[in-house]
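Look for chain A in each of the two complexes below; its partner is chain B in the first and chain C in the second.
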Partner chain A sequence: MGTAVIEGTTPRLSTHRRPWHVLAALGGNYVFRRIGKAIFTIFFVSTLTFFLVRLLPGNPVEVFIQQQVGQYGFSYEDAANQARSLYAIDTTKPLPLQYVDYLSHVARGDLGQSVLSPGVPVTRIIRAYLPWTIFSVGTGLLLAFTFGIGFGMLMAYRRGSVLDNALSAVGSILHSIPNYLFAIMLVVFLGVRLKWLPVTKMRGALSSGQHVDWSLAFFRDAFFHASLPIATYMLTGIGAWMLLMKSSTLAALDEDYVTVARARGLSNRRIAVAYVGRTAILPLFAQLTIAVGFVVGGSFLVEPIFVYQGIGYILYRSIQQRDYPLMQGIFLMITISVVVANLLADLLYSRLDPRIRSAG
Partner chain B sequence: MAQMATTPDTVPASVVARPTTSRGAATLRLLLHNKVGAAGFAIFLFFVLLAIFGPLIVSGDTTTNLTQIYQAPSSRHIFGTDYEGRDVLVQIVRGGRSIMIVGALAALLSTAIAVTFGALSAFIGGWLDSLILTVADVVLTIPYIILLGVLAAFIKLSSPILLAFIIAAVSWPTLLRAVRAQVLSLKEREYIEAARMLDLGTPYIIFREVIPNMMSYIVINFVIAMTSAIYGQIILYFLGLVPLAGDNWGLMINLAYTRGALFFRNSLWYILSPILAISLLQLSLVMISRSLEEIFNPRLREG
Partner chain C sequence: MFNDETKRIGAVTRRRFLAVMAGAAAGAALAACGGGNATDTPKAAANPTTAGGAPTTAAGQPTKAPATTSKAGNKEFHSAWPYEVPPTGNLNMIQSIAHTIMQPPNIYADLIIEPFAMYYWKENKWLPLMATDWKFVNGDTFTVNLRKGAKWSDGKDFTSKDVLSTFWCMRILSQSVWKYVDKIDAPDAYTVNFHMKQPSTVVQRYVLRTNTASDVTYGPWAKRAQDLFNGGKTISDPEGKQLLQEFTNFKPDSIIASGPFNIDVKSITNAQFTMPKNPTAWNADQVQFDKIVNFNGETPDITPVVLSKDVDYATHGFPPTTDQAMQQAGIRVIRPPVYSGGSLFINFDKLGNILGDKRVRQAMAMAIDRDQNAKVTYANSGKGVKYMTGMSDILVPKWISDADVKTLNPYPYDPTKAASILTDLGWKKGGDGVWATKDGQRAEFELLTPAEFVDQSTSAQNSAEQLTKFGFKTVVRAVTYTQHPVDIDKGNFQLAQAGWGASTNPHPFFSYDTALFLHNTRAVNNGGKGQAFPLKQKTDVAGDVDLEKLTLDSADGLDEGAQKANVTKIARVFNELLPIIPIYERYGNNAVLEGVRVQPWPPDDDPILQNAPYADGIVTMLMLTGRLKPV
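Right, the complex of A and B next:
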C-alpha cells in the first residue's frame, strides 16, 4: 500500500483537504483498514445467511409457508406473518426490500425466533449460552498457549536431548488428533472404562440449583462442569503451540543480537526472557487469531460430546432439529465473536510489532 | 525450481524434456527412499487396496442380528459387533471407500480453485488481487467447521459429488493464499520475464510456465487438502448431515455416539476401530506430505 508511506510522513490531516484525501489516508491507516475488513466480513456472513434462508431452492422460509398453507389451512398472509416473526423476513415485500429489511433487523440485533420454542427470541437463547462457550474456550486456549510456549522454549533450549525428542513426539501426536475424537476417547476411557470421572454428573454448564454469583461455590461448580471441554481444548491445542514456539525460538537463538547479548555477559535468564522470548513469541500472536476461530468452531463438536451446555451444543441441537432461525442466528453470532476476537488480537499484534502497520 | 536441485545427477535429460510423467515417477522414487515417506505410502496403499479388494476378501453379512449386540471381539467377530449385532470388521473394510473417493474429489476441486484463482490473483494483481484476497480472508475468518455444518444443513446433500463440492467450497482459502505467495515469487524469475517479453499471454504463462514449475508444491497441498477433506466428511457424518446409509467410518462414529455405545461394556473395539482407521489413514497422508516437503525443500532436512 503506497498510501501507508505517505501516512507515515504526514501524520496530521488538515480539515481543508478534500474528502477523498481523507478516505485515502484512512485506507492507508492499518487500524481503519482492519476495522473495515471486520465490518465487511460480518456483512458478508449476513448476506450468506439471507441467501441460505431465503434464496436457495427449497429454502426454509418457503417450505415453512407452504407447510402452513398446505397442511394447516392458514391463509398466505397469516403464514407470511408467522414466517416474519420467526425469520425476521417479510415475504410479502419485494425481494431486494426483504434483504435490506433483514440487514437492518440484524444490525438492530433482531435475529427472529426459535421455531421449536415459539416466542423465544434467538438473541435471548444466544445470550444465555454463549458466555459458557467463551469461558471454556478462552480458558482452554489460554492454557494451551501458555504451556505450549513454555514447553516450546524448553525444547529449543534443550535441542536434541531426550526431553526434546519426547516432547516433540507428544506434541506431534496431540496435534494430529482432532478435538472431537479426543473428546470421545476421554469419555470412553476416563468416564466409562476407568470410571475416574463422573462424566454424567459433569454434564451441563452448572449443577442444578447453583446460582450465578461471585461465590466460591459458583466458580468451583463452573470449573467442575467445564473441566473436560477445557482439558480437550488445551491438550489438542498445546501440540501446535509447542512445535511453533520451538522453531520460532530456534530462529531467534540464531540472531546476532542474542550472540551480542551473550558476549556482553547478560544472565541466561535475562536473555531468554527479554531477547529470545520476546522475539520468538511475536509470530505466535499472529497464529492466535487463527486459533480463536478454530477452537470456537471445535466447540460445536466437543460440547455435544460432553453435553456441556454452551452455544456449540445449542447449535448442534438446532441442526439436529432443523431449527433454522436459531441455527442462522448462532452462526451469525459466533462469526461476529470470532471477527471481533480476531480484530482485537490483530490490533494488539500491531501494537507489539509496528512493522505490521505499514506492511500488509 | 527446488525439485530440480534435489533430483539426483543420474536422472536422464528426458526428465527435463517430458516433465509430467517422468517427474512423477522420479518423485515417487524419492518418496520411497525417504523412511517416513515410504512408511506413509505403504499405509496409504494398504487402505487403497483395502477399499478396492477388501470387500471381496472379507465377506459377511451386515444385517441386523439382535441376539448378538455389543459382542466382545472373538474369533467370529474379530472387532466385535455393534448396537445392531453387525460385524464391525466387515463395516471397517467396506467403510473406507466412499471416504477416500469424496476426500480425493474435494481435494481436487479445492486445489483447482485455489491454484487457478491464486495464480490469477498474483499474476494480474491490482483490484482483482485485492478482491480475491479479501474474499479468501473473509471465508478464512468464519470458523471452518461451523460454516461447513451450517451450509450442509441448508443444502440437502443428496450425492457424494455435492458433498465434495461443499467441502471444497469452504476449504480453498488457505491453499489459495499459499499458492498466491508462491506465484508472486516465481513471477520475478527470468524465464517468466522472458515469456512475458515474448508476449505469450497470461493464460499460457500461468498454465504452461508457472504451474508446472510449482507442481511439487501443488501436490503437497493436494495431500494436505485431502486430510482436511476427510475430516470435513467425518464431521458432517458426526452431525448427521449426510444421508445415513451404507457402510462408512464416519457413519459408524455417528451411530456409536447417537446410540449411546460409549456407555456399553463390550463396545470399546466398536468405538475405537473407526477412529483408529481414520487416524491411521490421516497419519499416512500427513507422513507423505511431510516427507514430500522434505524432498522438495532441502532446507528442512537439517531441522
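Right, the complex of A and C next:
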C-alpha cells in the first residue's frame, strides 16, 4: 500500500531531477502507465488498420477504371488519369510512403478526404453521422443497463421462483440473439407481416422535411425514428445485464455484512439499496464503461437494416465501396473510443476499488 | 485508510459515477440533436445570380413525412432508387460525377433535367423531349434542333448555350461522345451542330440521351474548359487535372430543372426525399402526378418497403423468393428485357490447350442446359440464350435477316452430341468420369464468380454442376465483386462468370465490345492478358476474319444498311467461334404496385415494356407522355 500514496496524483518533482528520473517517476505512476499504454494501443491498431484495409481485395480506383473502360469505352490510360484526379488517391504510390502520409495527416487531425466523395473531408462525414449513433446506441445501452440491473436484483431476491426462472429464460434468449437478427425480425414480422409497425415511416433518422432544432417536434421525430434501433440495442443487451446483476447480487447477499445489517433490524429496502445493490453493481460499472466504447462498432450491422443514418451505416457503405480514408477514419475513431473507454474503466475502477490501483 | 484515501483522490463514489453517466447520456442525446444534420448541403453556390433561391427550391417547401396514399391535389408517386445523402451525396448533375443524387442518365434524373429524347426499344423510334428534331448533315455533322419555349425552373429560356455548357463540362470528364465529336457550335439559340471526327450512328444516341444542365450553374465551368481545350491543353496536363479536380469537387446547393420534377433539397434524409412538381417545365401539364417520393436503399433495404406496399415501382434485382412474395402480396411483377445476361469467359492463355479448339467450346455449350440455368438463377426473369450471337436475342431479328438467322447454330442442350464431338477429337473419359484430351490433359476447371452477386454466383454454381456432370470437372471460386473484374483482366482465372451484352445501348457494337474487347484487348492495359482470345481467326462462315475490325466497322459510318451487313458477319463468326459462352439472358422483375396510388400500368404486351428498364426508363416515358395516371 505504500506506493498507493503517490499513485493517481501528479508526482511532485523537484526541479533538479534529470529527465530520465522524471520519466521513471511517470512510468511508475499508475495513471501515466495506463495513458501510455492507451496511446500505444491506438497507434498500433491504427497502423494495423491502415495495412489491413489495403489488403482487402479490390480497390475503388480499379473498380472505377473498370467501369469507365467497360461502360464508356475509355482507354485504360484515360480512365486511370481520370480516376487519379477524381479520387485524389494514388494507389500506385509505395505503401510505406502512403503510410507516412497517413500518419503525418492524422497527427495534424486530418483524416483525409473521402475517396468516393471528392472534396468532402472524412471528419465532416463522421460529424454528420456519429451523433445519431451515439444517441441511438447510447440510449439503448443505458436503458438496457438500467432495466437490466433492476431485473437482475429482482431475480436474485426471488431466486428459484417462477419469476426468476421466467426472467432468466428471457434474459438468456435475448442475450443469445445477435442484434442484427433481432432487427431483421422486427422489420419482417412486426413491420411487413403483422403491420404493427410503420417500418417505412420509421426508416432514417428524421422525417423528410424535419429540421434539426430545439423543438418538441424534432425530439419526438428523432425518438420515433430511433425507437427501433434503440429497442434492438436495449433488448439484445438487457439479457447480459440481468444475468450479471443477478449473479453479482446473489454473491452480495451471502456477505456477512448483509447478515449483520439484517441482525441490526434494518429495513429490507435499505439493505437492498445501501448494502446489496451498491456492492453488487460495482463490477458492472467497469463493464458498462467498456460497453460504452463499443457503442460505435455495435451499430455496424443494425443501422443498415433500419436505414438509420449512423456511423455503422456509413461504415458499411465505405467498406462496400473500398473508401479507404473513410474506413480508416471510422476505424480509428472506434479504436480511440474503445481504448479510451477501457482507460476510463481502469481509472474509474481504481478509484472505486483502491485494491486495483495498489496492485498496479 | 480506505475512507481517507477515497476522499484524498476526489471521492469518486458510485452515486457520483451514476450522476456522471446520466450526464453523459444527456450529453449524447444533445450531441445527437445538435450536430447530426447530415442533410446539410455543401455550401457551394450553384451560381451567385441565383442566390436568394431559384424557383426550384422555393417551390419545394419542406414536407413532413409523406403520406403513403395519395390525396386530392397531392397525387404522389413512390419510387425507389438508392442514393447517398450529403455530405457524401451531391447535386452535380453532369454524367459520371461520383455520388450524385439521381445521377443522369438514371430513370428519375430524366424527369429532373430532361434529355433531348428517349428511345422506344421495341418500336425503334424516339420520343422527342428537349429537342424537336435532328439529322445527320454532310456525312460528318449531327444537327439538333432544340425545343423552343422550354424554360428552366429559374425562369430562363432553354437554349443552345445550355447545351454547349453541358458538353464542355462533359469534356472535362472525358465523356465518350468526345471520342467521336471534335467540335460543337451553335449557329443560333435553338440549333446545335456536333461535328464528328469519326462519323458513326452511335453519336446520335450519345447526344440525344444527354441530359442538358443549366448554363447558369455550369457556364463558368464550361468557359474554363473551353479555354483549356482551345488552348491546346488536355485533361492530362496539370491545368487539366486541376480543372477536373475542382469540377468534381463542385457541389451545387440546388438543381435548376428543365423537367417536370425537381429535388426538394430540404426533404433529403437517408431514408427518402421528395421531388415536387416543377411547374415551369414545358411538359408539366402532361405529367399527372404532383410529386414523387423516392425511397433510398439497395435491394435488402428496399424489400420491406416494397412488400409494405409503400413503393409504386422498383427496378431492383429481387431474388426469386422475393419475386414470389411480391406476387403473393398482390404486387405486379413486370419483366422487361435487360438486353444482357451471364456468360462463361475463358482464359485462353491457361486453357488454350484444352478449350482452344472451337469444337470443344461448341461441345461445352451443348453440355449446359441454359434454360435450366436461367430458371435456377432468375426463375421467371431469366431465359436461356437462344441464338448465341453475343448480342441480345431480342436484337437479332432487327439486325440479321431471317435467312441468316437460320444459319445460326442454337447449340441445343445435347450432352450426347457434345460427347460425340469430344470423342471425334480423340478425347477420352477417365474412370472418374472426367474427360481428357488425346494428350491426356484433364478437363478440370476453376470457375471465378463475384461472391456478392447472388444471381451470378447461382448461375456459376449451376454451370459448374452441369459441366461436372458432363465430365468437365468444375469448381466455383468466389471473390469479392470489386476484385472479380481485376482478376479477369490480370488473367487470374480459368473460367469466369461475367456479363455479356449491353443494357444501355441498343447498337450491337456495344455487345461485341463487351465480349471481345473489355476483358481481352483492354485487359492488356490493365497489366494482364484477360481472356487472351486472338481476334484474328480462321472461320468456316467467313474465312479469315479480324474481329477487332469487324466490331469497329459494325458501328462505323452513317449507313445502317452497311452496318447490318457487318453485324450479320460478326454475329455468325461469334456463333461459330464462341469466344465466350452466353448462358442466360436476364429480364427484370420490377415491382409495380397498382391501384393504391397509381392506376394500372399498360399490359405486358405493350411495346413500352420491351424498353431496357435502366436505359430508357419505362416509368419515365409513361409519366412524360401522361400514360401513367394517379388513382
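Throughout what follows, the second predicted complex is superposed on the first by the 276 of 360 C-alpha atoms of A that agree within 3 Å, B and C clash if a C-alpha of one lies under 4 Å from a C-alpha of the other, contacts with A are read in each partner's own complex, and residues count from 1 in each chain.
Criterion: a contact is a pair of C-beta atoms (placed from the backbone, for glycine too) under 8 Å apart; a residue touches a chain by one contact, two chains touch by 3 or more.
Not measured: the values here are computed from a predicted model.
Examine A:192 and indicate which partner it touches, taking first as chain B and second as chain C; both and neither are also allowed.
After superposition on chain A, A:192 lies in contact with both partners, chain B and chain C.
Just chain B (first), just chain C (second), both, or neither: which does A:309 touch?
So A:309 only meets chain C here.
Quick one: is A:294 in contact with chain B, with chain C, with both, or with neither? Answer first, second, both or neither.
First partner only.
If you tally the residues of chain A touched by each partner, is the higher count for chain B or for chain C?
For chain A, the partner with the higher number of touched residues is C.
Counting only touches as set out at the top, which of chain B and chain C does A:322 meet: first, second, both, neither?
A:322 contacts both chain B and chain C.
First (chain B), second (chain C), both or neither: which does A:40 touch?
first
For A:180, is the partner it touches chain B (first), chain C (second), both, or none of the two (neither)?
Only chain B; A:180 stays clear of chain C.
Tell me which partner A:335 touches in the superposition: chain B (first), chain C (second), both or neither.
After superposition on chain A, A:335 lies in contact with chain B alone.
What is the contact status of A:269 with respect to chain B (first) and chain C (second): first, second, both, or neither?
After superposing on A, A:269 lies clear of both chain B and chain C.
Enumerate the residues of chain A that count as touching chain B in its complex and touching chain C in the other.
Comparing the two interfaces on chain A, one with chain B and one with chain C, the shared residues are 56, 58-60, 187-188, 191-192, 305, 322.
Would you pull the chain B residues touching chain A in the complex into a rising list?
134, 137-138, 140-147, 149-151, 153-156, 231, 234-235, 238-241, 253, 257, 262-263, 268, 271-272, 275, 278-279, 282-283, 286, 303
Chain A touches which residues of chain C in the complex?
Against chain A, chain C makes touches at 1-2, 5-6, 9-10, 12, 14, 17, 21, 24-25, 28-29, 31-40, 42, 62-66, 68, 84-85, 87-90, 96, 98-99, 173-176, 179, 235-236, 241, 244-245, 248-249, 251, 264, 266-274, 293, 295-297, 300-301, 304-305, 307-308, 310, 479-486, 489, 504, 513-514, 518, 522, 525-526.
Looking at the complex, which residues from chain A come into contact with chain B?
Residues of chain A touching chain B: 37, 40-41, 44-45, 52-53, 56, 58-60, 176-178, 180-181, 184-185, 187-188, 191-193, 247, 250, 290, 293-294, 296-298, 300-301, 305, 315-316, 319-320, 322, 324, 327-328, 331, 334-335, 338-339, 342.
Residue numbers of chain A touching chain C in their complex, please.
Listed in rising order, the residues are 1, 4, 8-9, 56-60, 62-66, 68-78, 81-82, 84-88, 114, 116-120, 124-125, 127-132, 134-136, 138-139, 142, 187-188, 191-192, 195, 199-201, 203-212, 214, 218-219, 222, 278, 281-282, 285, 288, 292, 304-305, 307-309, 313-314, 317, 322, 348, 351-352, 354.
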